[in-house]
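In the two complexes below, chain A is the common chain; its partner is chain B in one and chain C in the other.
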Partner chain A sequence: MSVIEKTAAVVTPSEARQSADAAAQIERREGAKVMTSWQTGRAARDARIAAGAGLAHGKIVEAKDATRLLEAVIRPGDRVCLEGDNQKQADLLSRALLAVDLSRVKDLHMVQSGVVLPEHLDLFDRGVAKRLDYAYSGPQSARIARMLFGGKIELGAVHTYLELFARYFIDLTPHVALIAAVSADREGNLYTGPNTEDTPTVVEATAFKDGVVIAQVNEIVEKVPRVDIPADRVQFIVESDKPFFVEPLFTRDPAAITEGQILTAMLAIKGIYAPYGVQRLNHGIGFSTAAIELLLPTFGERLGLKGLIATHFALNPHPALIPAIESGWVRQIHSFGSEVGMDEYIRARSDVYFTGPDGSLRSNRAFCQTAGLYACDMFIGSTLQIDLQGNSSTVTTSRIAGFGGAPNMGADARGRRHPSEPWLKAGAEADPDSPAPLRRGRKLVVQIGETFGDKNVPLFVEKLEAIELAEKLKLELAPVMIYGDDVTHIVTEEGLANLLLCRTAQEREQAIRGVAGYTDVGRRRDRNMVACLRERGVIRRPEDLGINPLDADRSLLAARSIKDLVRWSGGLYSPPSKFRNW
Partner chain B sequence: MSVIEKTAAVVTPSEARQSADAAAQIERREGAKVMTSWQTGRAARDARIAAGAGLAHGKIVEAKDATRLLEAVIRPGDRVCLEGDNQKQADLLSRALLAVDLSRVKDLHMVQSGVVLPEHLDLFDRGVAKRLDYAYSGPQSARIARMLFGGKIELGAVHTYLELFARYFIDLTPHVALIAAVSADREGNLYTGPNTEDTPTVVEATAFKDGVVIAQVNEIVEKVPRVDIPADRVQFIVESDKPFFVEPLFTRDPAAITEGQILTAMLAIKGIYAPYGVQRLNHGIGFSTAAIELLLPTFGERLGLKGLIATHFALNPHPALIPAIESGWVRQIHSFGSEVGMDEYIRARSDVYFTGPDGSLRSNRAFCQTAGLYACDMFIGSTLQIDLQGNSSTVTTSRIAGFGGAPNMGADARGRRHPSEPWLKAGAEADPDSPAPLRRGRKLVVQIGETFGDKNVPLFVEKLEAIELAEKLKLELAPVMIYGDDVTHIVTEEGLANLLLCRTAQEREQAIRGVAGYTDVGRRRDRNMVACLRERGVIRRPEDLGINPLDADRSLLAARSIKDLVRWSGGLYSPPSKFRNW
Partner chain C sequence: MEDLNFQHRARARAGGTRQSAIVGVVASGNLEVLVERSLPDADCALEIKTAAVGFGEVWSAVIDDFVERYSPGGLKFSINDGGARPDTVSLRLAQAVRLIEGNGQ
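Now for the complex of A and B:
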């Protein structure tokens, strides 16, 4: 009630009338200056552009003048979006920003989805930036943790992508956006190429709220292959000396898939995809889901599931999905971003992917996240830690990787109003007693992994390190990736736990312990209760699903190497050199 | 397990290897034809464009040829998005589509957010269209109900906007989009004007998945004021004989606001906005929320709340908000669409609204719905019926109005990971026992209205007519607008019920009955339990909040007429003639 305490007694009608009329009078007197006094943002924007114009020929600024341009356009304390995506990086502009004169540019509030380049954090070390709101920081996760503990970064929040994009339009609107594109024409029309990613969203929020948009481009051309961003939303173009940095984040070498992962993939296909009839879905980027993609044309084909499952995806162009696509499993894929080496394959498979008039992929993270939220019936992915309530996190006390899209896709959209078979079946399992027309469905949210992950670190823990981190950093929310009450299934090599069928917190805990294998969490199970959960079908072992663990053989993979994927693609997929061993 | 039953026994590794290699061989043999056989959509799109080209000069087709164009481009059974927004209508194209030769165009699957014009339903009467997936049908709600009962329409689902947009990218991608814009240049660049609304979303889903985009425009110009849609996403332009239809849906005449609505507005401001400190929010379009907007500069000012509440909105340009804006309450507004008559005011208040380089509003329904979902702490709106569990619906057995954005904004986003004071406070009230760092917040979802609404129809009912409708139409989901477990507060002239503080279904029911006034639901309350809920602060009467119902006087409204709003705007707001009585 803090706000209320400050307030006077309730107003009387006469007082109110006076204040209303007074305000109206002031307004009428000020009528004349309104046009100027209510367009301060517009005026400031024009001043920023004018300040930068001296360095530009038309909209084009030479790379060597990039830092001076940023010094001219950016003001201390500005909210700046330095793109900063999951894959594509405006690396030239990040280096240019790092070099600014601190007397002119400092204490910036960075609002960018990806904190990926060392420069992104150097900005905070140098004092160019002060506050951070972000979504993903994979490669910088260890350093960002150290800097948060060291107080080098004032943390706003760790968001899921769509959540950060939402705030761009409400309370985190950028003053300046520093973006990356493949090419620009002299008017400033931009071609992003396949990695459109966040760019249209960042530009829309900035350009239409009196902000300034500066783009680095790989080249300036007479005519762009397609217009991803119209020229009138872009104020300055910097031609880069080399192409922007983009990382192949979604390439999983089939050669690295273990038989344990193959077993979990078999359990998922036969124990979840098949009985729920999951057709619209998103896959995480782990090896277990890559194994699922590679088992569809073999194990899935034999189960007669072609056309019945995994037909529509919200997914990046995973190379591991090539065999399933070539075998006719996949009807349509909408993508958040692209993947290095997949360009020619995508171009030749336009029936499957979203492509532009130029033939190359058009990705869009905002729309694909929206699709993952509202139009998919399942999210399946991996995590680092799962606790006894089923809460999971990729955050540890030494690594703050961020969440990316998992929180958005790893929960049921309560605004959803269209039914589908998998969604209704999951809802009925969770809530058998509600009257059908009032019973909501549930999105399938599946966590898949081996009980002991990388370096034999147990997947299951009594307490998430994320909670310890929250206490240390005094965060109001522990950085949980997916909350236990949103998870519907957990799959490990020991079996499949259907949490939708658990009726008490205790059953839930034992269902989790019951698939936690030889981890401490697994060994502390209540054997009788786990046995009874298995009888009820809450826990299902491989044999319960007619799967012989000995059949979990690498030869089940439709492709066993990157080279196999190239072959499947008819030579259209050209993997980055780091994945080539031939 | 239906799918599983069809399946053979699990494959052996050797079988799998054979199938994998076989598939790979087939692929290699077919390598040559890949380029064609996987681009059927692209080829079909080119054929559609070629078929229409004969009627076009460049991309421009005369209005008289519109029907022939649609006959040339559209195929039987196509998924067609006929825009079809909340406000803006591609009316010329809807008339043109209605006139097609049924031997060439029929059985279309309409996927459009708004079913607003009579022609939208005439299409089904004539057999041009067969199946419908939509989100909102305000003015056609009675007829659409009759046609559903009559089997004239095969219903997909009634969505919330963002949900339908999501499906555009997964399983409801349009083959053809028929859209509306203000102007086009000869290349086909489009200017939507302030009512951008759904257009960028519809065009993105269609143009980048081998679809055809046809735009009706009010005029063809040398240069568009700004590029809302780039030319390479648009195949045909039809110049309309008159401007597209757009309805002023968000204009509420202050003269029509009742003292009962003013009282509910006072209760909401002092009982919810103030104690939670709600700054980021969305308002529904009812008169009670219009009253809240008009009380901010008077009642709100006296409570000392300026700057502490209602600073950032996801909201259309409501004329009723003008006095609050002029009084310095509102920092920023992002809009779904625009509002007739507000153009000059918005242009002159660019500090508040999102505007383009041309100075006019840039709205965007997809991004504003995303903002309402993830970046707002409160949704407050009205409904037609509320049942004993708190489920609400605007659907009755005789009217199926659709949900628009309410389901999306009227629920907590479970993917949300950023804290805010109101969200955390609501979460703590709902779940006081969870450990803080693992406790999630809750969005405030408020239903506000008088116990007896239009024509003295009671707001509270024992059973929603939506359930009856679901039974009659054999729908798998009753058309519930907002589910009871998502509602946090109900406000009527009798008082305020905080459902977050209810611990049992029974308490919840009595809290609802306790503010249901003299409706049957209200009269059947358990007086002792209601008294005890009031002692606990679950129910709060006006006097509990220091509000004297006699002060709920129309003179509290900052503007009491449309003319007052014009005066507040300094003459910048020019209301449509139907709202002018001077």
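Now for the complex of A and C:
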């Protein structure tokens, strides 16, 4: 092979304006004497850095020059990860990107887990960005639906977190990552603080595949409290005039928990946690699971379950779990992100949480998602719609909230190989006839909710709106949050359905109708078949579990207000102002 | 607003001696139930004023199940509903019966 290498040293300024993809198109012909290179990506990265260097002192760029920096570094059509996590947002860099000169930066392909800020969608309205691959769009769910219908966004796919992270390393590797951290030193070492979230994953994929990493930080310091991202993976730092935006997503005010939610929580604890002995688990963010957290030290304690259930969690630092932690229920929690106001409490409870040498929480979404998928025996969470096969979706025709992590938490990991009591018991219920040594276990995937949600909208439907949406948008897949064949139990105020024990599609449908209360789906049940399923223990009513619905009282909650949670924490929990009413 | 009335025959008279009881509050998504021991032992009546129009069929299903389960003979229920969900209605009705069957507490 006669290959003449073109090195970074001979890249000219005009070539620096070419995109990495264009550079990669340099002809490679077998046996011919042509200019070729195996390091075009590295050359393009060096050119991007050189183009931005004029605006920087060392690695530091002033906030007022942020847009010029992005114009220098980003090329039309680039894949860009604008750190939009579940909670933490690179908001200064979002605004800077929105202001670019469209003759220099346009048609970007955004690859980011969270579409959370209005600016994230303004980019598409303005033409800065064209294509989108994402995972979660909670606060923007209505607008993103309108823009998809209006053709403003070319949609790649809606992913789960782990799935999008995986694609960062295969076919969606960012050319440029715009990330957020708490502080940086002058070398570029970053401290991400308790909300580390997606940053290590984004940086890993970008920095080690010829990409450029630009960080906004709240402050530049002499020495960072701990190094979350080493300096040689960060090319530019912009100091923001105010701290990056973090949304308190996991705070549920105990004052808003209803008797119906308390009843479903009691059914779940006595009907699922106790018999399976579920110790390792993940909770969703709804009020029903907050009720479970607040019933552990009261109802759970009376049932003698302390130490036997709910000891190890993959979970954000839910304030509602404070009473259970203080009562000695919880041994260990690994977190996807953090929660506003929980910092001091976490520092003081390092036996429970993962913390750095500086004492603050270290979260990591990719690892925690993996932990939830492979090392937890149960996921329990709420949803908006459940159909007759047990498929569930949070998508309605006017809102596309994305998936986030629920499909990873709420799925049986087919690659799992280690046994545990709940996993084996669930596997045996689903498949009693196979020989035990060859029988797969099953993860418990529990959907919990009241039969009617907000504004009397039924939880149970004959057909998911997600299917209608997929037809309208011509999507090949309907956005299903958790597939019916992964769901093992459904809990409502009417009772508990164990789908593992259903042997036919018809039994499964009637088991679901049998806990669907007074919804249309519930009232169309076959009463005889439901009675038969109840005799077999497939359906269990509150009275079958020795629970009187009249005992589902708010006095059972270990904390009945945010202020109670502060008291339980010994004053360490400092709730955000919107949750303070004293 | 919609007014709904239901008359039922109950298997047996509701227990206790208390003459009346009240549970719940009139609020969005909630309801107030006044129960009075004022009918013959085998009768049960429910008068409902509801903010949510067009849910007669669901009310009928909820009340059928309630009468079947609690046998509230001799009781008259006056309900002011702020658009409560069916499960909340069931719960309040059951709470009202428990209260009137209690010993005047």
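Everything that follows uses one rule, which is that the second predicted complex is superposed on the first by the 546 of 582 C-alpha atoms of A that agree within 3 Å, B and C clash if a C-alpha of one lies under 4 Å from a C-alpha of the other, contacts with A are read in each partner's own complex, and residues count from 1 in each chain.
Here is the rule we go by: a residue touches a chain if its C-beta (ideal position, glycine included) is under 8 Å from a C-beta of that chain, and two chains touch if they have at least 3 such contacts.
Small disclaimer: the values here were computed from a predicted structure and weren't measured.
Looking at the shared chain after the overlay, A:573 reaches neither chain B nor chain C.
When the two complexes are overlaid on their common chain A, residue A:549 makes contact with chain C while staying clear of chain B.
In the superposed model, A:523 lies in contact with chain C only, and not with chain B.
Looking at the shared chain after the overlay, A:250 reaches neither chain B nor chain C. Once the two complexes are overlaid on the shared chain, A:298 sits against chain B while remaining clear of chain C. Of the two partner chains placed by superposition, only chain C is touched by A:493; chain B is not.
Of the two partner chains, chain C is the only one touched by A:260; chain B is not. Residue ranges on chain C touching chain A, taken from their complex, read 52, 58, 61-62, 83, 85-88, 90-91, 94-95, 98.
Residues 258-260, 450-452, 456, 493-494, 517-518, 523, 549-550, 552 of chain A are the ones that touch chain C when the two sit in their complex.
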